[in-house]
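Multiple structures follow.
Each of the next two complexes has chain A plus one more chain, namely chain B in the first and chain C in the second.
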Partner chain A sequence: MSTIPSATPAGALYWPVQARRNIGVRSLFVVVLGFLIAYGVLFPGLFTASGFAKFTQSWFPLALVAMAQAILMLTGGISLAIGATVSLGAVIAATTMAGPLGVAGGAAAVAVTGLGIGAATGFIVVRLRLPAIVVTLAGSFIIGGAALLVLPRPGGSIPEWLSDMLAGNTPAAFVILVLIVALWKLYLATPLGLSLYASGENPVGAYRSGVPVDGARIAAYAISGLLSTGAGLFVAAQTGSGDPVIGTAFTLNSIAAAVLGGIGFLGGQGTMRGALAGSLLLSLMISVMFFLGFTPVAQYVAQGLIIIGAVAIPQFRKVQQ
Partner chain B sequence: MTASNDSVGGGRARAILSSRPFMTLAIVAVVWIGASFVSRGFGAYGHLRYLVELGAVIGLVATGQTFVVIAGGIDLSVAAIVTVSAISLPLLSWQMDPTGLASVLAVLALTTAIGVVNGLGVALLRVHPMIMTLAMATFLQGLLIIIAGGSAVTAENPLVHWLGNARPIGIPAGILLWVAVSAIVLTVMHATPFGARIFAMGANPLAASLSGVPVKSTTLAVYGISGFTAGLAGVLVLGMNGQGYVGIGDPYLLASIAAVVLGGTSILGGLGTYAGTIPGAVLLVTITALITVVNASPGWRSILFGSLILGLLLLSGREQARR
Partner chain C sequence: MTTTAPLLAARGVSKAFFGNPVLRDVSISLQPGRVHALLGENGAGKSTLINLLSGALRPDGGIIEVDGRAVARMTPALARQAGIAVVQQELSLTASLSIAENIGLGAYPRRFGLVDYQELAARAKAACELVGLNEKLSTPVGQLSLGRRQMVEIAKALYRKPRVLILDEPTSSLSATETRILTDLLERLRSEGTAILYISHRLNEVMALCLHVTVLKDGTCTADRALEGTDASGLVRLMVGRDPGDLFPRWQAPPSPANAISVRGLSAGLMHGVDLDIRTGEVLGIGGLVGQGQEDLLLGLYGAIPARTTSAAVNGAAGLPAGVPKANALGLAYVPADRKREGLHLIHPILTNMMLPAFARLPALKLRSRKAERERGKGLAAQLGIKGDLGRPAQALSGGNQQKVALAKWMPHDPLVLLLNDPTRGVDVETKREIYLMLRGFAAAGKAVVLLSSDTPELVHLCDRVAVVREGRIVTTLERGALSEEAIVSAAMGAEKQKVAA
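== the complex of A and B ==
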């Protein structure tokens, strides 16, 4: 959409630029707000400390994978391996954190794995020039297989205090999410972050203007991997153990959240706040359906319909105008 | 089909020999010969015939996928459609239908309709193909569990049973079906105006539209074909298995896309041929068979499968650098 960098030297430009970026996602924000109000009215528990904590915890992993997918889509890539990467992060966390490595060592192992997988995927896609869809589809088998090797069946454990901190009655998840968004803002101000939109919108033009296109895209894949395994760590903390296939549903949901949030498939279109709002909308929909007593199966059906509707209606309006 | 052209002219023979479909075919031959030295039973006629029979299912699913990919889209709902076909067919057995033909036709009509709905979403609502077909897959997955529950359903359809088990003139009926479909598809793709329109649309939709290609109806047709062939594959896999259950089609999503890409069709559209998808499908089945021979744990098997596909892609699937 707009490729004006968010941190121009002239500070006066900052807010007008941000306002312009909001134009595309304004209607989405209204819908999300409407859903939030409906949710708050239906389930007043949302406004207690523990209710807010639980709500943000159910949103948190989806928000992370939506960001992971959005970064890739902004550079013109995509990943169908997000779900497998989440699973791998979960099983690594569940097998290392209670062992001699401890929580810090386990978290480091999860982070390094995510960065490594992401960077390797990025290298294959960008440098070896293979289509991202196929690489990540094949990658999902490799990563999923690795998760099965680490933990063949559900098991392992997460130290109880960590589970309590991340998934207990504290808003820790929300605070971490705010921190991640702040880091994302910082990243967008670095040279690689600035190149992100440019290399997605017009890779050839960006390359000829001296933008490190390949570097920006590989870095995007690495960050995406880090966010995915991080989501896995959180899911493991939530359930208190690891499961080698727990992340499967995140692949579709990450794409759905990013697309609901207005991220285009062609690269360079959309904003991270849109993707976050999209993931919030999706998470709200899932919670509302759960509370209304939909069976998981009916949730599949409704989710499929809602995603098509939510993506199609704005497009349809655009065509008619 | 390739070597006999030497007399026509060296240039043409060289073009065929260096083409991607031929390269994939060569890889299959090398793998088959190599594997039969390592493992004694691998090169037996019966085993190779069995491999091609398994390849027929992938080949059929990949037929529609090839059309969709060449037209610039992608169909991520084929696995769900295969399952729909394999589960709804046993439920549709009618008394006044002794051959089973009517219920097969009804199921194929149903899956074609699902494909057309995909096409409607892509062409009219302008939803991105990946979202449209993924959402369709999610929707169908939920619907299937509602309809069939967790249990397997047994097919008692004579035609389906014949398709999965009969061997007229010593060749499995599934392979004969695949050969027939391949002949039709290759003709449609490379010798009809419809085929030319698909390539034009995939290469540049705007230019195609401005040149008078009916983009909307062609898109509908392409996704309809994909629904039809996935349904056909579901009928065949039901015949070979005897039972249909939720998840029976799951392996065929990656397989269909991999077969298309390994066969040299560009995932970006506008370039490719079904002639490459055919050896691509056989190659995939061969890889799976080899991995089974290795006798590893499920984790290693999955890693090996992904790595081999990635390695083969490096040989054949690279896009041109554009700068």
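== the complex of A and C ==
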């Protein structure tokens, strides 16, 4: 690769590109900030160490599945198997970590399972050119069944020290989340990671440009699987045991968070920071409404209305322009 | 330099799709330092030949040679290694990525396994400077106009430092200025020894730029020779296989025109403060550089985007139509430029496409009469010269025939005003001729035809009047007597008036 001498210096590129990606999500950040302030007022404990720890812990698994869903949506895919994968991660953690494999071995089993399931799903979707929504719907039955095979009823256990570390009075969950986000930024700075956008939005054009489109998409499914089982491990640590259906609600919540965060269904639209903000907003909404004394039914209705509103407002703005 | 081995060549290649031969025994050789034109009507096999040369398809017979050596199995990856870059008609860009990230896509410079943004910026900037792209490299491509995107696409090809550059209709969405930049650039690349294959329907560009020409007709090669000594009509003869006569029908003065549409102070989209009279019995051209608001003008009149006026009359009714059904009821019809996305429903049968506006007029729960539809479809197909089985999906048709279907679907309604958005873009010469004849025919029958076009000769030879749009305003309306390519281009470019006229 030869360097082309340029008459004028090209200047920094990476940071301006990153800053541009904020443009679509600025108003979302403002809304999230508003909810954070409301939460802080309603629950002043947020600003204590343990309050902060508890809050981030309630957000953490949703943040992970939102990322898992957003990666797939960026490639033009979607997964209906995220909840089942979370459940499988949880039961594997609960059955292995207290056994001979130990915490490290159990965590490795959770990770390998997630990567394997993701890669297999990705392979089927991408190589056999089947619709992701159908494959992952079928996958959710198979994976959910596998979770029930591993642990037919709630049980198993997680070593107490691990539960204390992840879900006790430490900000460990937040630190791990920051780490995951940093890893994501790093991945997105690799050619394969950056290809994700091109593969999702214009796969034919990307292929002609020499992008390994299939590889980028299969990798996205693998990463998505890993994040899902990771969320399962965390949920198991939170409850101290495994439950084969604990993840079910995460499937739709992950889609809701990604959509709130501005991820489009057509592929290549949106940013991970948006998806994370979306998951934080969803998590905050649930907490704030709880503190305001909404009944569960009212909570669901309000949640639905807010999601539709969040998607509709940018549309209205576009029409007005 | 002309006697060296061709950088890229095809020797007697053939290709058939589903038993239909598309190319038969075609040879072409691209020499370094030469701009080679590839001409042919739509469906003549140009795209297939490009796909064979770039490894996207494999020939059924014949061989592809790189540097004089036969390549047993050409693939896109091999083509890239050999320094072959193709600028396709459909863009290969990603709207959410920045200009630089798009240019480097698939060939990012790396450092420690990561994209080396500094190196990328330097190399992308160099490529952008070549094509005169001065937008910030961090600008998302989605914010650029179609013409600028085309320039990014070309910069993307240049970024790879190609030895062979294949351009498939690169100027169809470019403005006059951008076209000139591209022409200068190709001239420079040629002098540096790049082999260039240039495909265009604009013969004057080909005449100005190219040294050698290969002409395809129905999948066979009808000419492979130097361009010197041929003129545009000679080239057209080679493409259609007979003397084209005049591409444009003879112009006749419109019979006593009346105002079909009359608007004052129209604002819609990019357009503002437009006064315009559209008369029956005439073809009104809308010209100007690409993306100055011409499309918004048509859409505004059609009620497809919100529009404001100080006063308006459409076929006797006051005010502009508030929506498309209203516009149709007032006798307006609109044929969009992007037939693949807006004009047609590609996966549905040709017949269904033709009947769509008719469905809108049926009472919602009335049963359809398939027989009547078939009859009417056959009539339309005969009227517009659409050949073949109407039960096939619309995507099976060539571009020109698709355009005819997009026109045909409005015919049963006998619209009084036809709003046409670049109806001949990417359409072969023969179909162009047919469309021109039809448009003049409509005007002669007392309809008003509004023709938005990016093809200046078409505006000059076909229209009774041409309104030139610049920066959202009609800057001038040229009457028949004052029509010339120079007059339109200089009005379109405004400030550069003297320079162009000189």
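Convention: the second predicted complex is superposed on the first by the 307 of 321 C-alpha atoms of A that agree within 3 Å, B and C clash if a C-alpha of one lies under 4 Å from a C-alpha of the other, contacts with A are read in each partner's own complex, and residues count from 1 in each chain.
In the analysis below, a residue touches a chain if its C-beta (ideal position, glycine included) is under 8 Å from a C-beta of that chain, and two chains touch if they have at least 3 such contacts.
Fair warning: this is a prediction, and the values are worked out from it, not measured in the lab.
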Practice problem: Quick one: name whichever of chain B and chain C touches more residues of chain A. | Solution: B
Exercise. Classify the contacts of A:Asn202 with the two partner chains as first (chain B alone), second (chain C alone), both, or neither.
Key: second
Quiz item: Who does A:Thr75 touch here: chain B (first), chain C (second), both, or neither?
Solution: neither
Self-check item: First (chain B), second (chain C), both or neither touched by A:Val17
Solution: second
Quiz prompt | First (chain B), second (chain C), both or neither touched by A:Leu194 | solution = second
Exercise. Look at A:Ser228 in the shared chain and tell me whether it touches chain B only, chain C only, both, or neither; answer first, second, both or neither.
Key: neither
Quiz item: After lining up the shared chain so the two structures overlap, which partner does A:Phe265 touch, if you call chain B first and chain C second: first, second, both or neither?
Solution: first
Exercise. Considering only touches as defined above, state whether A:Gly304 meets chain B (first), chain C (second), both or neither.
Key: first
Quiz item: Which holds for A:Gly210: it touches chain B only (first), chain C only (second), both, or neither?
Solution: second
Quiz item: When the two structures are overlaid on chain A, which partner does A:Val134 contact: first (chain B), second (chain C), both, or neither?
Solution: first
Quiz prompt | Intersection of chain A interface sets (partners chain B, chain C) | solution = 204, 207-208
Quiz prompt | Sites on chain B touched by chain A in the complex | solution = 74, 121, 125-128, 130-132, 134-143, 145-146, 254, 257-258, 261, 266-268, 297-307, 309-310, 313-314, 317-323
Practice problem: Mind listing the chain A positions that touch chain C in their complex? | Solution: 1-14, 16-17, 19-20, 186, 189-191, 194-195, 197-198, 201-202, 204-211, 268-270
Practice problem: Would you tell me which residues of chain C are touching chain A in their complex? | Solution: 56, 76-77, 80, 86, 88, 90-98, 100-102, 105-110, 113-115, 117-126, 129, 136-140, 156, 161
Quiz prompt | Complex contacts: residues of chain A adjacent to chain B | solution = 78, 124, 128-131, 133-135, 137-149, 152, 203-204, 207-208, 252, 255-256, 259, 265, 297-305, 307-308, 311-312, 315-316, 318-319
